[in-house]
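Pasting a structure below so you can have a look.
Read from first to last, the chains carry the letters A, B, C and D; within each, the first residue is number 1.
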Amino acid sequence: MATQKLVVQCKVCGTEFELPEDVMDGEIASCPTCGARYIVRLKGGSVTLEEFKGDVEDYGE
Amino acid sequence: MATQKLVVQCKVCGTEFELPEDVMDGEIASCPTCGARYIVRLKGGSVTLEEFKGDVEDYGE
Amino acid sequence: MIVVKIGGSVVCKDASKVIQNLPKYADRAVVIHGGGCLVNELLKRMGIEPKFLTHPGGLVSRYTDWETLKVFVMAMGWINKYIVASLHGLGVQALGLTGADLGVVVAKRKERVLVIDERGRQRVVDGGYVGKIAEIRVDKLTPPPLKVLAPVAVSEKGELLNIDGDQLAFDVAREAKAERLILLSDVEGLILGGKVVPRLTPEEAEKLVKSEEVRGGMKRKLLMASEAAKLGIEVVISSGLVDSPIDAALNGAGTHII
Amino acid sequence: MIVVKIGGSVVCKDASKVIQNLPKYADRAVVIHGGGCLVNELLKRMGIEPKFLTHPGGLVSRYTDWETLKVFVMAMGWINKYIVASLHGLGVQALGLTGADLGVVVAKRKERVLVIDERGRQRVVDGGYVGKIAEIRVDKLTPPPLKVLAPVAVSEKGELLNIDGDQLAFDVAREAKAERLILLSDVEGLILGGKVVPRLTPEEAEKLVKSEEVRGGMKRKLLMASEAAKLGIEVVISSGLVDSPIDAALNGAGTHII
């Protein structure tokens, strides 16, 4: 089986961009055009982008 | 040093009797004459007899 | 009031069924839990060798030294708070207690116990951190809120003590003049000839205790049950692993001593 | 009301001095304890490898997985009941609580946290069983009886959560509009140039937080203290290992932020 390229589309500007081959669930990906950030979700073999609103805890306390 | 005999006196009938050489603290000893039972207490090298009233828990539950 | 004892076997296998059934009884129950299995697991995991005492007559009991007590209190603490937190998730504000809290269960430490030592001689030794229940402040246990009680007592001197969960449940039921005492474990009741015995009088229960048909933990349960039944408390011995186990017990499942 | 925080360092070294001093304040104090040292000891003893998360910015925090949570709750449970039982021995009926009991401390689980993973990439992972305090039912904490609170909260879903003890003490003091918050640990106060600083204004405390002179835990303590002082709560950072440490703190020992 040839390595499948993981191409996703930015929901903000529509740019299609490639994710690293070894991308892991939960990884942060940025659109190379507009800089929009996403959480990469890998579930059941499919890749989806979840908006990253920065609403995660940074454990700053 | 010669082995010292551990001789005690019964508080009930006055009989002097010997305790086993390897007696341990808390051990139950009975007077050979009247049958009175004692708890042997070994503290600081001296031997004393404590009355054993049977008021210890037998863990029956 | 009903007293619900969640046995250690239920706690360690699956306490979810009982927990889900509890909110319905939050305003009229007192819960007492066990958890010996978790204590054993923790002792093993921490590499603590269990110590035992042999008593005159051959009875062997676990020796609760300071280290074992700590593990006992910790394991019971986890179980207690797990139940209380789960109830919170179900909308019930419960209060988890040990006997030390508000002094609800005061016990006397068995300071001296008679054992047969390794040389076969009788000896009086320190009894470890095991307690004999002396006083229960039942006014502090009445719901609401629902109280969840661990089998840990306090001595007058301020020592934490390991106490027997079944005994605690029985004593609480007696002091509270409870209508029912439900003992939930992983058995469906008293089983004789392969069948659950649905009903026993206190006298029948006592007779069974003396017979060869009943063993160990069940013997003690029946003994306490017959005592409780004589005081007007209906005792149910039933499974805590079925759906809605408290409903089931009240609807006739298990063995009823009455 | 005064809030007394017994730091983990006091718990693990010698809590007897604080405990003996508490009866005097039983009708006007709330006690909060730590115990991280015992948690670490237990994890080690049980062969559980501590897990850590690296956050963007380089901050490293302990990861509380399910197993670690269990150990955390167990260790805190032992400390809590040990204090409560000791108080019973001194004639004080105290009530030991976690946030799950009566829902006194509800927290939000940090469900998603941003970390730098082993490959140096940013990733969103489950935050483990760590909570951010959301609500404190301070009416349930008012004495009498004296409440002894462990740094364990409950989530709306009924999960037990690890929360920070200093934060809890600060939040309780704020919600209760306490007059004083006494933070007892194994240091005599804020030490600068080899001497305990007796008094700081909130502004001075804030300035010190930004300076290089103060590190780690003390930084957080000063930050919270300055916030508290602005709300009219006098904060004392002092030693819990001296005789009558609460009396001492109230009589001027340690660093007072006011």
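Going forward, a residue touches a chain if its C-beta (ideal position, glycine included) is under 8 Å from a C-beta of that chain, and two chains touch if they have at least 3 such contacts.
For each chain, UniProt lists the protein as follows: A, B = Lysine biosynthesis protein.
Predicted, not measured: the structure shown is a model, and the values here were computed from it.
So which chain is the furthest away from chain C, centre to centre on CA atoms?
Computed centres place A farthest from chain C.
Return the distance between the CA-based centres of chain A and chain C, expressed in whole Å.
Taking the average C-alpha coordinate of chain A and of chain C, the gap between them is 53 Å.
How many angstrom lie between the centres of chain A and chain B, each centre taken as the mean Cα position?
Distance between chain centres, rounded to whole Å: 81 Å.
Find the geometric centre of each of chain A and chain D from their Cα atoms only, then give the gap between the two centres in Å, rounded to an integer.
About 38 Å, centre to centre.
So which chains actually touch one another? I want all the pairs, not just one.
A-D, B-C, C-D
In their shared complex, at which residues does chain B touch chain C?
22, 24, 26-28, 39, 52, 55-61
Which residues of chain C touch chain B once you look at their complex with the stated criterion?
So the residues of chain C touching chain B come out as 53, 55-57, 59, 61, 110, 112-114, 117, 119, 121-125, 127, 132, 164, 167, 220.
Taking the complex as given, what residues does chain C use to touch chain D?
On the chain C side, the touching residues are 42, 45-47, 70, 73-78, 80-82, 84-90, 93-96, 98, 100-103, 145, 152, 154-160.
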